[in-house]
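In what comes next, subunit A is part of two complexes: it sits with subunit B in the first one and with subunit C in the second one.
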Partner chain A sequence: MTRRIRTALSSVPLLLLGGCSNWQSALDARGASAISLKHLIVLIVAVCSVIWALVMIAMIHALWRRREAWRAPLDLRAPRERRIGWIVSICVGLTAVIIAGFTVASFFTTRNISVAGQDDLTIRIGGLQWWWSVEYLGPDPARGFVSANEIHIPTGRNVRLLLQGDDVIHSFWVPSLAGKQDLIPGRINEITIRADRPGTYRGQCAEFCGLQHAHMGFLVTADTPEEFAKWAEAQRATAASTTDDEEIAAGRDTFMRKPCAGCHSIRGTQATGTSGPDLTHVGSRAFIAAGLLPTSRGALAAWISDPQTLKPGNNMPLVPLSPDELRAVSAYLASLK
Partner chain B sequence: MTDTIAHAQILDTELERPRLTGQLAETWKTESGLWGALSTVDHKIIGRRYITTAFVFLLLGGVLAILMRLQLAGPEQRLIGPDRYNQIFTIHGANMMFLFAVPVMEAMGVYLVPLMVGTRNIAFPRLNAFSYWMFLAGGLVLWISFALDMGPDVGWFAYVPLSGPQYAPGKRADIWAQMITFTEVAALAVAVEIVVTVFKQRAPGMSLDRIPLFVWAMLVTSFVVIMAMPAIMVASTSLILDRLVGTHFFNPAEGGDVLLWQHLFWFFGHPEVYIIFIPAVGMVSTLVATFSRRPVYGYLALVVALIGTGILAFGLWVHHMFTTGLPRLGESFFTAPSMAIAIPSGVQIFCWIATLWEGRPVFKTPLLFVIGFIVTFVIGGLTGVMVASVPFDTQVHDTYFVVAHFHYVLIGGAVFPLLGAVYYWFPKFTGRMMSERLGRWAFGLIFIGFHATFFPMHILGLEGMPRRVYTYQPDLPWHGLNLFASASAVVLAAGFLVFFIDVVMSARSGNLAGDNPWDAPTLEWATSSPPPAYNFAHMPVVSGAHPLWEQPGALNVADGLHTDRREVLVTAITTAAPQARESSPQNSIWPLLTAIATSIMLIWSIFSPWAVVWGSIPIAITLIGWFWPKGTPEDEA
Partner chain C sequence: MRIVVSLVCIVTLCGCQREERQLRLDPPTAAALDGIALMPNKIGGAPPQIYFALDRPYETNAYNLSQGKRLYTWFGCKGCHGDGQGGIGPSFLDGWWYYGPETVSIFASIRDGRPHGMPAFRDKMTSEQIWQLAGYVQTIGAYSAKTAAPSRNDDKQTRPAENRAPAAILFNEGPTPVHPDQGPQP
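Let's turn to the complex of A and B:
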């Protein structure tokens, strides 16, 4: 069953996101920092391409130019050797000038990349095998909340991300918004991201972190400030504790009764585990399992029924559920908007 | 055997040519049969063995590369699971760096340096034998563990905490760390031998300004090995201690530091690249001179560039850590040397092009590989300048862009020259020429296959594809280029296949080469192909940097060495004026026994710290056997 669901699902993201196939690319820069990095990349690549072409022209000419008559290997002409010496020296000098230029350009690019201050929206990102915890801290800590694998930011503002590896080293990278920065156990790193237009950008762990390094994706969604405020308000809310839908109620019961609640938190319920992603609003996120599958009841059911086939080696155990329980739990999770 | 020779006739001065060579052959010979093979200390036999073994590891590592390309040919393929894939890319990297690239370059030095400086054996020949056995044991440890599904899976760089006790249970990471120890011991041994051989055993007259550039390159490389390798030994030993006896060098919860690992690893890891690249520079300089039919342009500049590269190599390690959140100022500081390494590389490229310009190029296979090298290495060098820029690097670090970059540098910058060097020196190794026709095919397939495989990876990296992923999702636009790279890898593999076929066929039935088939200028061509066990019947005396061009036909020689015992000439470091006759050790089985004892201790220490205590006893015994006087003429000298 899992396979079939998977196959059916695999076409969904293509349909959903057909318009943004480059949503994880340093060449498709959308954030302020990624745009200045792209300018630097284009500049350096262009200059280097010219250098390469010149070296190739020189080499080809050296190989195939017309030559005077044969001479013995050691029969060298001193004036010519001296002239070549000058040419080689000039080329070396030019090399030094060019790399000095690159160094200066790099320095100014780094300086121009804006850095968020204490007062800006601050989000703590935790890297774990193999998902991302997302904790909105400020500017007002009392209004903070926790999510996972999906970050929303308001457009037009610097957002400060505090990065920390909670088990091994990971690396936070949303190429369309900014360069990468590692999450290192025992340290807190900072990076600033800023998107000036609304959009959804994909990111992925960039430091090898074990079995499922390949499936450690996340999304950054830039909303207009109004929409962001609305979204944040919704995220801050606890999960609904009552429902008219019997299946959803049964699913909630099952979730609390089974080992699920030992690892996952759903705010407003007795599920307070912290070793897996917070699921309070899992139904509102675009993907589950760190960018693996687009969220839907079917995907949730597939994931719960066989996490080790979909993402071999991940830390979610297979919790045996009857078909009814599986349906109910997936309905419940999908309802957590 | 030596009893039959009267003592009055033991100096080479007093013997006629046939008696002399017969006597020398007897003194320097390697016994036939298994015992002879296991106990030989002839640098040529060990060098050939070393090179062959390293190429076998290249073949095995190449098979892993093909497996990875198969897996990545399409999105979400299930050909290889993540556990196996992580072992495969770890072993591919560790194998190519520690069991192929470094050893093969050192092995070329082991074979060629004594011949190029005109001596009869490498310094410390028994250490040389020991080095080979340690290298072989290290390779076997890695590959047998892989065959048993307990191969290292933490990357060739084994970052903590992923390789630490908490996240890497089992013995896989320990195997990685001990494999490092094996190959480091082997590499350090060869480095010391080469330094001493170059400093003290050069032919009379070979002053510093007459040393062949390949020998200079091996000398600089050896110093880089000696200075870089201790850092990784400290790192891997600390890792084993963390894992085995509960120290906390890398545990942040107990005051350890995970970045300490990265500093130690890259303080070794970046010079490692130059340990591979500098010998290649020496090879290219040699090939360019011979096939341009003139001395290489800018000898002094090239020597200074080699030394400069060797020094700068130690100032670059932080550019592997630009995304770890080090202070911005520190990062900018390390940008400068990372960029500045382009200057010595530029000097080299410009001097080679000047040599080709002023010379009369002969388009044989070795020169084709040199041309392929220049085309490819300049790209790799320029992308190296790119990743030296901190902001640029934050976008491409740990992506396929970097995979492309370092394959351009390592394959384009080191393997192309190495293949050219094999075509060039094969006649010296075997007495037979390799096939020009197959050589052109091999070059064409490897050159095209290489660029088609690796160039698209630059774009994949910029398009956001991280390294070390066992698969990627279908909604990311990487499928086409990955499929193209995988298909091209087949062409690349076919090129290597042609090369290996050429080697095997030519070794059996290639055209006979003669002493100096390329009319090359350096001393290794002043003896027969392959050289006799004693290398040179008389010690060559040189009066320039290109002895065989300066004294065509008849080389000046020195004599006065004993023929009934192994003796080499010791000369002064700078002027190479003769100073003394020095005994060179006879064949011995003890280096092999010592290597076995050491291997047992190192493998055992993966499982118990007491191995270091009890395992050192057999090592001590075998070392005593190694150095015990055996009553040979060499002992008495």
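Let's turn to the complex of A and C:
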């Protein structure tokens, strides 16, 4: 029994450590600004832990110390008073020095992370209830394209993100790559991210923005520059307008006839709505509905058939579709790679 | 004293009761809401029975009004009707309703369109969304104030808040009719 308890107790720190390496963790820093933030976190936590331990030791010592009986409480003993005075002054001085040190450290960290070069890769991120619009702006406007809930970036390069809230205040947070930055309606905030190694990092809205705030996630995928160029070329393409598959053709037809096309865009078709996420390459993204479900034909069908049960309060209405129409539309969307 | 304290507690607890939001409308209910009965001239009529069974949710529920306000922007109503003052399309604020002031007529106008440029939104919106939008439009030009209000504007206020019965204010402005063709109801 004791052994079992001991095993259980020793597994707790292991489990806690496991939380440090994740695709969404400020302690698993993979980008320049996240690394300098992590250094700041470690510094402050370490110094504060030492101070806390010293204070605890002093307090426990004071509680346990045997005290000699003191006959005359009003009789001050000068040497003792002087000693106490010294100790208190030193502690106050140390506090001032440590806090000033923290201030300087955080000043330098902040200066490090807000470096924004005039890089050619600029992405406009729009925060909406409850998803992210992602617009790649390039030096050549004709080569820009729109996506949603998934950001791809090349490794080893600063990427400038222009953040704007399109309805309420949201906050852009990819803990492994950078700190938080708010998206505010009516103004554009900037943040620069940089990933040094390829990988997939999860981000999350970090400012309470309504009912489905918790389901407002996104992915940042860092690819090698060649992979990124290939991906961008694929995203720039419009959706195929012809297909041999009868079901997919029927699905496209249904999508255009039904209210779907009133809110969503699929480039290369008549669907040009802008209130919902762009679906031109929805089948190529890892998740649908802002990180709610992994993309698959079944998940797409489940989402379309009852969005208000999967993500109550979101702005996608339940569009009545017959089972055949639902099958066709989900096949069509899954085919949009 | 004890009675007073417990009464205060009960009253405070009542304050926790907030408006119900119906986020998911059962598909059969949504389908039934589509069944309005219009007069032969397409002006005025009766909403389906379920509309009353649900207690006129699209006119009195703040959540639905807010969703309607969102849809007003999303579906480009502003392009013709402005912020309610009108433009290419008629104004809602002046309280002059070409097709009658009932929500059911507004629903029919949005769903089926109207002559002289009002497009039909039947294939662009679900019937629940059309009801939400109709309820909101009705609120802009309502004759009596409502306790339920849609969300506030983020940008500059260009007119009184929707739920404050602006149409009545404009009607009482003076002898000059606000609308050039204002006369007896069509």
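Assorted remarks:
Note that in this section the second predicted complex is superposed on the first by the 303 of 337 C-alpha atoms of A that agree within 3 Å, B and C clash if a C-alpha of one lies under 4 Å from a C-alpha of the other, contacts with A are read in each partner's own complex, and residues count from 1 in each chain.
In this section, a contact is a pair of C-beta atoms (placed from the backbone, for glycine too) under 8 Å apart; a residue touches a chain by one contact, two chains touch by 3 or more.
As the structure is a prediction and not an experimental result, all values here were calculated from the model.
Superposition of the two complexes onto subunit A shows a clash between subunit B and subunit C.
Touch criterion met: A:G313 reaches subunit B and subunit C at once. Of the two partner chains, neither subunit B nor subunit C is touched by A:P198. By the touch criterion stated above, A:P185 is placed in contact with subunit B and with subunit C alike. Of the two partner chains placed by the overlay, only subunit B lies in contact with A:W173; subunit C stays clear of it. Of the two partner chains placed by the overlay, only subunit C lies in contact with A:S275; subunit B stays clear of it.
Contacts of A:G156 after superposition: neither subunit B nor subunit C is touched.
When both complexes are overlaid on chain A, the residue A:P259 reaches subunit C alone and has no touch with subunit B.
Annotation for subunit A, partner touching more residues between subunit B and subunit C: B. After superposition on chain A, the subunit C segment that clashes with subunit B is 151-159; the remaining candidates among 79-87, 115-123, 151-159 or 169-177 show no clashing C-alpha atoms.
Shared contact residues of subunit A, touching subunit B in one structure and subunit C in the other: 185-186, 312-313. On subunit A, the positions that touch subunit C within their shared complex are 185-186, 257-259, 261-263, 275, 306, 308-309, 312-313, 315, 317-320.
Against subunit A, in their complex, subunit C makes its touches with residues 21, 23-25, 27, 30-31, 67, 70, 74-75, 121, 123-126, 128-129, 154. Subunit B contributes residues 76, 81-83, 86, 155, 159, 161-162, 166-167, 252-253, 257-259, 293-295, 297-298, 301, 323-325, 328, 332, 335-336, 339-340, 342-343, 346-347, 349-351, 353-354, 356-358, 360-361, 371, 374-375, 378-379, 382-383, 385-386, 388-399, 462-464, 466-477, 521, 546, 549-550 to its touches with subunit A in the complex.
Considering their complex, residues 10, 13-14, 17, 21-22, 24-27, 34, 36-37, 40-41, 44-45, 48, 51-52, 55-56, 58-59, 61-63, 65, 67, 70-74, 76, 80-81, 84-85, 87-88, 91-92, 95-96, 99-100, 102-103, 105-107, 109-110, 113, 129, 163, 167-169, 171, 173, 175, 178-182, 184-187, 189-190, 202, 204-215, 217, 291-292, 312-313 of subunit A touch subunit B.
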